[in-house]
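Below are two complexes that have chain A in common, paired first with chain B and then with chain C.
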Partner chain A sequence: MGTYLLRRLLSSVILVAIAASLAYLLAASSLNPRANYTGRQPPIPVGVVDSTLSEYNLNDKTPLLERYGTWVSGVVQGDFGKTWDGGSVNQQMGQRVGVSLRLLLIGTLLGSTLGVAVGAFAAIRQYRISDRAIGVASFVVMAVPVFVLATLLTIGATGLNGAVGHTLIEYTGEYNPALSGVDQLLNRLNHLILPTISLCLGQIAFYSRIQRNMMLDVLGQDFVRTAQAKGLSRRTALVKHALRTALIPSATYFAFAFGTMLTGATFTEKIFGWHGMGEWLVESIQHNDTNAVAAVALFAAVCVLVAGVLSDLLVAALDPRVRVS
Partner chain B sequence: MTILEVNDLTVTFRGGVKAVRGVSYQVGRGEVLGIVGESGSGKSVTSLAVMGLLPAGAQVTGSVKLHGHELLGMREQEILKRRGKSISMIFQDPLSAFTPVYTIGDQIAEAVRVHQKVSKEQAARQAVELLELVGIPHPEVRAKAFPHEFSGGMRQRAMIAMAIANDPDVLICDEPTTALDVTIQAQVLEVLKTAQKETGAGIVMITHDLGVVAGLADRVLVMYAGKPVEQGTVEEIYYEPRMPYTMGLLASIPRLDQENQRLVPIEGAPPSPAALPPGCPFAPRCPLKVDACDDAEPELVQVGERGVACIRSHEIDVKRLRGVDVFPAPEPVAEPPRDARRRETVLELDNLVRHYPLMKGAVFKRRVGTVHAVDGISFDIARGETLALVGESGCGKTTTLQQIMQLEAAQGGRVVVFGKDSGELTKRERKELRRDLQIVFQDPMAALDPRMPVGDILAEPLRAHGHKDVQGRVAELLELVGLDPSYAERYPQHFSGGQRQRIGIARALALEPKLIVLDEPVSALDVSIQAGVINLLEDLKARLGLSYLFVAHDLSVVRHLADRVAVMYLGKIVEIGTVAEVYGTPAHPYTRALMSAIPLPDPELERSRRRIILEGDLPSPAQPPSGCRFHTRCPKRALLPEPERARCVAEEPPVVRLAHADDHGAACHYPEVRNS
Partner chain C sequence: MRSKVVLRRVMAKPQVVIGLIGVLALLALAYLGPLFGQYTWEQKDFTAFRSPPGADHWWGTTQIGQDMFAVTLRGMQKSILIGFLVALISTGLAALVGAFAGYFGGKLDKILMWGTDLLLVLPSFLIIAVISPRLESGSWLMFVVLLASFSWMITSRVVRSMTLSLREREYVLAARYMGIPDWKIIFRHVVPNLSSLLIIDATMNVSGAIIGETALSYFGFGVRPPDVSLGTLISAGGGSTAISYPWLFLFPAGLLVLLVLFINLIGDGLRDALDPGSTS
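Coming up: the complex of A and B.
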């Protein structure tokens, strides 16, 4: 197991390096940080712009591969370089990673658990009204882009707040800095509700479809019947024998689902005013901020690969057949 | 004392399909009731209905009484108390019948804890004891293994252990040995007998294998199209069947203990439960049919224990008719005489070897071993001859076939087809040779493309080889295999299993091959259908001068179809020779064990004969035993004095021609010698 993990880690590091390099090269060759300094009143002398850009390793007059080399040597030492206006990418990232991870982790956990539960329930109720309702709802959710969903949720919350007469559900920002102690904690939780829902719904829809199929495959199998023949109630047989086995293939989708979730998080953060990595990505593309874009891409690559390893571990934990010594 | 009493049980599925139409039986303590029938006769559905395990939507009427308590309509809580305790069930496929993610021990312990108030540790201990009872070696260790780490036979033993965990009063066995090899089947049947002795339970034994029932059952119930058609003691059913279906069924079984004789097929196929014929459902296939048969479905007329559902049963009784009298066996096609001295060889295998590497590791693969799938086998087939390759699963039969069909250079040794070494063929020659070498597959369902009409399926090989007049040839082929040429426009799903296999044979015949490889061609078919296909194969061979390489695990079918037979064990041939010699005087201990493991459809013979039961499972072909590969399980070696025993371990016996034999060789240091 140890050697397997080590080998897996090694190949993941290589993959992250490739993904991040490609992202940097793409960003560096298509973004134009110089645009931030030109066209100003009064105009900044070209020499000053050049030296500033060179200092930040953003100068398009330096050959691409040379800039890339500088960037890599920095990243290897843990320095992700400077933003277009000379700020530290590391510092920004430090503030934002926590914000994004909070959303992503809660979204993943809630989304996968609820999705599996909903899917299993739908499978047991196959072709009944509840199953059909879940099916239609899932496809509607999957067909609606996250930004539409998030905007709808905001509108709904405003309406609700207006009806109640005070702010029942928060829909902008992370927390209210004016509060402290338990109040602030509650306030933070309140701020989490809408972004989490908008992130989770897609996940729930996705997992429920997969889990329903997997569960249906298993329901017809003999071992569920054997479990009942032993004298277990149908409910116990379904949960302990059918669902437990049907979880295995769903676990392999964990990595995929995480990818779609990252994309979703970009919009969610932007719409609900959370200062996370997704929002940063949108902003830095607008500002032609090469180093920041590369840093976000690196973060995304690490997240996806960690999800991949986790999904492998999950499968190994669930399925004795792959746990070969 | 009657424990389980079933009365007029009917099962109707959604859409009004009546799968079971009035089944009644009783089982007493320590009694074995055999329920016999072909696929679709409703025998499994009956038992699931008794257990209350049918899917929602199935309507069950009638009465099922366990110890006098009515089970149908009982509250779920009450049923749960009985299911797995007073009445338990053993399922057919032991691989899918265990939950893959829990250990065998845990699953048995779970069955214990559902009904007994014991601690986890106590239940685990009981599970180990149960595994020991059913003969699993090292039960403490094996209890911690997962289902995929058990062999098929071991899983079925564990299944029996689980079923008897709570000392049931009735044990329902649904085809418990169908998925197993014969030697393993013999072991498992022994275990079942032990289990019955331990628990004193009544057993309902559901099977299509009349041999298994003959050895085990006290009474037999024969089912056809969802209804019991005959009922009686095992002797009555086997020696004096009174319903034409039972008579035909018994006559159609190829028997290991009889010389090569023409098999008796039952024409047609069992009716679909959705479209039953009027009157007696067997009438369309019955040679004794009279007009009155179509008027009404005959009831099972009970005289004492015995029941027959046929309006002419009295007449059959009086005239003492037997199956062979009633069912006409088609005359065999006269075979052109062959000159035994001038054998023209069509296929020759010379020391063929096929090893597969055993790899480990996900990213950096490395070789950790070798699977010795085929390890140096030699045989040849002459024109007009049938050679049968027999052996249990995992012995290398299929690998041998693949090697021959590939027509590529072999890993080791040579494959010579029609005098040409397959390793030295050009691409063009290989395609030409494919014409002469065709294959019929085991599963007729999977071997035909479901989206292609039969005509296109048959035309495909013809078009591939640029044949003219495709339509005419297709019609000719259909007629050749006994199907109507107008069937060419239908799709495979419109045909029964036997008809589909005939289409598979027609496809193999399309290019007028000289050698046909038959990969278990009848093992997926019901007995009544099987006989017809075997007869067809015999006729085609005689008429077209074909040679067959016939791969099978069923030694009784082989006896009827083959001229010569080669017995394989773990990638080696252990015995080879003419059918008369190998079956008459089997020389290798493995061949003897294999033959003795096949149950005979004759209660008296089956119960009186001595059988050799092999210990354990087939060793892994990745680590074949040293010396003679069979020495780990050999019953003969156990009786040998020590110095002779050592030779079996140290030295590998080659196939040696036996003294006093024309064409009979065995790979054994101490072969059984003919007493003459």
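Coming up: the complex of A and C.
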């Protein structure tokens, strides 16, 4: 297991390096930071623009590979460079990573556990009304893109707030800086409600479909019947024997589901006004901010690969055969 | 004869029938609807800005006085067109790469599969978004190519592993001993035997591509003005606009969800009918 993990880690690092490099090269060659400085009144002299851009390692007159070299030597030392207006990418990233990770963590935990629970429940009640209702609901949810869902949630929240007469559910930003103490905490939780729903709902639908199918395969098998014949209660047999076996395929889908959620988080952050990495990606592309785009790409690649390793570990923990071989 | 049996089995699935009727109705709405509207999508009515749905403007008007009915249908045409084109290219590419890699094996297989894996690791949304400023506005065909080139990898892996077993079948061996060139064997004997997988995949790709297109267009990284798609319309009508002027958001968003839903229904039914062994 140890050598396997080590080898896995090494190949992950290489993949992250390739993905981030490619993102940097693409961003550096297709974005144009100079556009931020041209067309101003009064016009800025070309020499000044050149020297400023060179200072930030954004000058398109420097050869691409040279810029790439400077960027890599910075990143290796933990310096992600400057934004187009001279700010530190590291500082921005420090503020934003936490915001995004909080959303992603809550989304993953709630989405996967609720999804698995709903799917398992539907499988146990196969062809009853509750199973059919869950099936139809998850099918519909999977057809609703995150940006439609998030906008619908804000419309719903404003309607509700209007009906109640005060702000019952918050739908912009992360917290209210005017509050403190317990009020602040409650306010933060309130701000989390809608983004969490918009991230989780798709995940729940996705996992529940997989989990239901896998659970149905397992339920008919001999070992579940044997477990019950040995005198285990139906509940224990289902949870300890059937659910655990049926969890394995869902665990292999974990990395894939996380990737889709990462994209979904971009929309969630943008629509609910959370200043996270996803919002930054959109803004930095619109501002031709090469170094920031590369930093977000690196973050995304690390996230996806960590999810991949976690998914392997989950499978190993659930499936004894994997651990033995 | 066989095709008749398959067709009957497919049409016996209620999902497929409902999905087909739905998609055909939406297609008719998108392409025939504009003939009945009183306004074209380029017309601006300077007497009605953001007017709610009514007898004159059936689905209301936008902030610059465009007729929402005409603009939405125009956007839907573009989204449908992009969806179908992307699905066609991506499934074709998946079949081609997978079948060649599986059939020839060896070095070609290694190279093709390495490329496939690399593309799988790259975050496609991010890459397309980064490349998008390079595309000139109006060049939506390049956008189609970009979307397609990031959506074929998983299928091509499946195609490859199925080709590995097809390669050893008697009819393929017989064809090879008769001296038929390899590319002909691939197109006449290997790919047709994967058709049920490819048909299902193409259907699912249509809805995936439509969602991908609208998602990128939502941020302005895909279809761009003066072109409209469902994504740009949802983006324009979203945010705080959606709260005060809901018709700007609800019509394009509703049509998008219906479109994806009906296509997924067809895909789901096709999978049940053609590929009963699959679980997901």
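Miscellaneous remarks
As a working rule, the second predicted complex is superposed on the first by the 324 of 325 C-alpha atoms of A that agree within 3 Å, B and C clash if a C-alpha of one lies under 4 Å from a C-alpha of the other, contacts with A are read in each partner's own complex, and residues count from 1 in each chain.
Criterion: a contact is a pair of C-beta atoms (placed from the backbone, for glycine too) under 8 Å apart; a residue touches a chain by one contact, two chains touch by 3 or more.
Fair warning: this is a prediction, and the values are worked out from it, not measured in the lab.
Look at chain A after the overlay: chain B and chain C fit there side by side. Judged by the touch definition given at the top, the superposed model places A:His241 against chain B, while chain C stays out of reach.
Touch criterion met: A:Asn288 reaches chain C, while chain B stays clear of it. Contacts of A:Asp217 after superposition on the shared chain: chain C is touched, whereas chain B is not. Once chain A of one complex is fitted onto chain A of the other, the partner contacts of A:Leu31 are limited to chain C, with no touch recorded for chain B. Set against each other, chain B and chain C differ in how many residues of chain A they touch, and the higher count belongs to C. Using the contact criterion defined above for the overlaid structures, shared-chain residue A:Gln228 touches chain B, although it does not reach chain C. Centres of mass aside, this uses C-alpha centres: at chain A, the angle toward chain B and chain C in the superposed model is 70 degrees, to the nearest 10. The overlay of the two complexes leaves chain B and chain C separated by a minimum Cα distance of 5 Å. Under the contact criterion defined above, no residue of chain A touches both chain B in one complex and chain C in the other. Against chain A, in their complex, chain C makes its touches with residues 118, 121-123, 125-127, 129-134, 207, 211, 214-215, 218-221, 234-235, 238-239, 242-243, 246, 249, 253, 256-257, 260-261, 264-265, 268, 279-280.
For chain A in complex with chain C, the touching residues are 15, 18-19, 22-23, 26-27, 30-32, 139-140, 142-148, 151-152, 154-155, 158, 209-210, 213-214, 217, 259, 262-263, 266-267, 270-271, 281-282, 285-286, 288, 293, 296-297, 300-301, 304. The touching residues of chain A, counted against chain B in their complex, run 4, 7, 11, 221-223, 225-233, 241, 244-245, 248, 318-321.
Those residues of chain B that touch chain A in the shared complex are 48, 51, 53, 76, 80-85, 88-89, 91-93, 96-103, 110-111, 114-115, 146, 148, 159, 162, 166, 362-364.
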